[in-house]
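One structure, pasted below without further comment.
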Amino acid sequence: MIAVEIAGIKMKTPVMTASGTFGSGPEYADFVDLNKIGAIVVKGTTLAPRDGNKGRRIAETPAGMLNCIGLENPGVDEFVGRILPGLARYDVPVIVNIAGFTVDEFGELAARLNVPGVAGLEVNVSCPNVKEGGIAWGVDCANVAAAVKAVRRNTKLPVITKLSPNVTDIVSVAKAAEDAGSDAVSLINTLVGMTIDIHRWRPELGNVTGGLSGPAVKPVALRMVWQVARAVKCPVIGMGGIMTAGDAVEFLLAGARAVAVGTANFVNPRASVEIAEGIKDYLVERGLRHVSEIVGKVNDNI
Amino acid sequence: MIAVEIAGIKMKTPVMTASGTFGSGPEYADFVDLNKIGAIVVKGTTLAPRDGNKGRRIAETPAGMLNCIGLENPGVDEFVGRILPGLARYDVPVIVNIAGFTVDEFGELAARLNVPGVAGLEVNVSCPNVKEGGIAWGVDCANVAAAVKAVRRNTKLPVITKLSPNVTDIVSVAKAAEDAGSDAVSLINTLVGMTIDIHRWRPELGNVTGGLSGPAVKPVALRMVWQVARAVKCPVIGMGGIMTAGDAVEFLLAGARAVAVGTANFVNPRASVEIAEGIKDYLVERGLRHVSEIVGKVNDNI
Amino acid sequence: MSKTVAQGIVIEHFSLAPMIKRLTLGAPAIARSARPGQFVHVRVGDSYHPLLRRPLSIAEVDREVGNITIIYRVVGQGTALLASLPPGEFVDCMGPLGNGFDMETERPLLVGGGMGLAPLLFLAKALCPKPATVLMGGRTKQELWWRNVFLGVCRSIHVTTDDGSLGRKGFTIDLLPELLENCEYDRIYACGPLRMMQGVAKLAKAQGIPCQISFEDHMACGVGACLSCTCAGTDGKRRKVCSDGPVFWAEEVLDLS
Amino acid sequence: MSKTVAQGIVIEHFSLAPMIKRLTLGAPAIARSARPGQFVHVRVGDSYHPLLRRPLSIAEVDREVGNITIIYRVVGQGTALLASLPPGEFVDCMGPLGNGFDMETERPLLVGGGMGLAPLLFLAKALCPKPATVLMGGRTKQELWWRNVFLGVCRSIHVTTDDGSLGRKGFTIDLLPELLENCEYDRIYACGPLRMMQGVAKLAKAQGIPCQISFEDHMACGVGACLSCTCAGTDGKRRKVCSDGPVFWAEEVLDLS
């Protein structure tokens, strides 16, 4: 009743874990049965290993948090060689979030991830916490299209493009991704924010600014998902501040065909599974038979 | 110690009330001494009277709220003829927030507000809740510049441009406003958001989307104020989620020379005065003599 | 200053019925100046979530002791938080807000449905010794615990239920024509669902009885500053429910033709 | 599964000193598997504000009864909320998280400053009957209520204060060389400010005594998933404070040259 297929990726539930918030999965295995998660999107992976940003990396904000991890990761080869094999024993699709600093790097990352065990690629053109690449790509339609094309050329895997909300017109970026061959779009990545320590007259974060996530951003995320879902034909994966099944249902009603849970994992490590169960309850209570019956339904009343 | 002058407007405190959240002032006179407020920015005023949007106009969100008032106001003539005279007995600068739907309307509004009792104009190129004008202007540098120029031509009063945060690059919009003759910029207006009633499969707001304000947006607002203050020469008025004196100090440290308090008024009608007092305490505790000593000081540590 | 922000101390707080709470707050400044029909704007916690105040009618006042009483239904996060406060805790209240009912009546009829009966309770008490007649409606008998609350502060109580489990089966507006037959009343006060108030106001107009109604809307400021709660007056002018209302003359805001 | 999310019930909660609280929670599953040096990740309320959990060291454990005890300083919003919880309330705890101290020692020396003494308390108790020597430092006498807490679970207590109001005037690292003179200890455990741990580790290295330290960092997930809390190891590899630590061998993460 809640199984979905997004761009050819078969998921037992429409609830994925958002990149960067769930490690590669096993970190949370003590708390939640990974086999019950729709899909695990692993932390942003780059060609070379990265240490990430210096200094403090998270700060709490009203109903939200800022992070400036800066894409710390062991690099794609280490991922393929050491981490991916450990995921084989779980029955859950693994989607790799890839972050390149040039168009070629995106292509190269896609090529190196043509290995068993990878269910799809999420093209991260929207990381706010790195100087080059990342958000610089994500706000420009041509760059997004170029990155997606480079990935598309080098893989047969489903390609999802992860969009930045820090733009005037998210719909045109989504369309650019779709036109460039992306099989789905996911949104939102984090909003760029900042917080200042008034005692020390310093930014709280080592990188000065960071990405805002959590319940605070939900209204903005939901609005963007609604706008994009009306404008593109490909599936939309909605995220941004989802804490409860009710929040997830809002995204589905807005037009998302699946959702991802990020910050909520930190608060409740079982969030991804409990939210999926809550969606099922929601459907049962209303006598609905499949989650697809509510997707985009808010548009009937607008 | 906390008196400031912004674009020629002398204010007893650096804490103004944000447009649309404080009526024209007397609405709150039972709760707070209006003479102790830095400046009152009145509700967005248009040429013709407006009824605003139909249906529900506010919704609560995590640590924030959405509104879609839709610029309900009695029109500029009624404002000048009936409301403004009532403000004469208060010793507080009155800044009129003006919203035109064409460049000419901005000019015309400025012309009609060349009357005693108006201390300055805030050019609202960023209202997210009206179909034409409003946000459509605010996201395009050329439009913003045209609106500001039209206002500038028709007034000798200080001109403040209120910027929309729903843009990829707020710095270039701020610069466009400054280059067009704006004496100051104020930011942020609200972020466009949405929320859905999952029982009725409808948007909660009558206008589908609305503007997000309150503590939830503070990290985004602070980041934008910091970016803009580093890039323009004119004074910056910071706002977005300020609830406490500490929040206000963050904006001052980020480079704002004054701040405005919006949603906080709804929670604590004395917020604008208590925050000013709190800023004074902050300065006294640190042996500082004037609020200007902390403006932009975060940049010393970046 | 009659309107104020007061830290009301919880004096008494108990359930009147499932999900219905009666909260008495020590708030002398508000108690002193409150009039029937006014409300308090209540902060339900210190956190930023929930952020906004909740408007709640003043249902009873004890001027001597300095107490106000609120009767409310637990419907969402805010009222649930409020419901958890034990005696001795403080509740931040802005009020009294809005205008009140016009009290120039000799033979008043009060018509209420659901939580709309809360402001009518204050009104009924305030009208004594000119006791009011009360007509109350609910879906079932279970909703009409209100009867006990009104006993002793009114002349008589007439009851309707949608399912007929108590009093007359039907809506208040089904029973109202009978009550109006002898044209005994010189003023009707209605508070409840909009459709009910509309129906009452039409019947009142037909009988030439002045009628006041009390509106509800989502409110941010509660004092007329934010325009969250405006509605159109029949004269074409806008009204703010929080400050021009919540009590209006029916013909001021309802199309009764 | 040894790590779990438990609704710990507040058994006892009182002040040990100004702004310092001792909280005992009934949380059998956590109590059963907790080792000294581990922490619990605590949700301080149901609201979204504050949103994140707070990492707090396990300071005592009663395995039989199934209780864990936390000793914490009220520093901000989260700890203030926690401090308001009366017995009977529930606290959502994830744990036990992180790795613990290596317990292979015969003659342990524990060096702590400030709230760094909390995990060392659990360690001291767990090491008995091989009693530890404890060296503790604080700014003033007032900060060293910790002495009473450690009495009876260690061999001896050595104290330094910055102002000399109790014990030796100076820092723990000023007194440490004397304690190490006879080379009596086969293991040093340090927890406190980074500078202190750095100093202790250097002295330990000079004496050839293996040394463990416990790190702190801002944490979101607490389980190694978010990379909020990573640091560089001396081998060039990254370490996560929450899951690879918080306890590390000094030379693993500190440059001791």
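Worth pointing out:
Per-chain residue numbering starts at 1, and chain names A, B, C and D are given in the order in which the chains are listed.
In this text, a contact is a pair of C-beta atoms (placed from the backbone, for glycine too) under 8 Å apart; a residue touches a chain by one contact, two chains touch by 3 or more.
Since the model is a prediction, treat every value here as computed from it, not as a measurement.
Shared contact partners of subunit A and subunit D, listed by label: B, C. Using the average of C-alpha coordinates as each chain's centre, C ends up farthest from subunit A.
If you average the CA atoms of subunit C and of subunit D, the two centres end up 56 Å from each other. Subunit B and subunit C have Cα centroids lying 35 Å from one another. Here the spacing of subunit A and subunit B, counted between their Cα centres, is 34 Å. Note on chain placement: the centre of subunit B and the centre of subunit D lie 47 Å apart, centres being C-alpha means.
Touching of two or more other chains is recorded for residues 62-64, 214-216 of subunit A.
The set of subunit C residues that touch two or more partner chains comprises 48-49.
If you draw each protein chain as a dot and join the dots that touch, every dot ends up joined to every other dot.
Those residues of subunit C that touch subunit A in the complex are listed here as 48-49.
Taken together, the subunit A residues at the contact with subunit C in this complex read 62-63, 215. The touching residues of subunit A, when paired with subunit B in their complex, are 61-64, 66, 139, 166-169, 191-196, 198, 200-203, 208-209, 212, 214-220, 222-223, 226, 241, 246, 249-250, 253-254, 282, 294, 297-298, 300-302. Considering their complex, residues 20-23, 27-28, 30-31, 43, 51-52, 56-60, 62-65, 67, 69, 72, 74, 214-216, 243, 263, 265-270 of subunit B touch subunit C.
Those residues of subunit D that touch subunit A in the complex are listed here as 1-5, 43, 48-53, 94, 218-230, 232, 238, 243.
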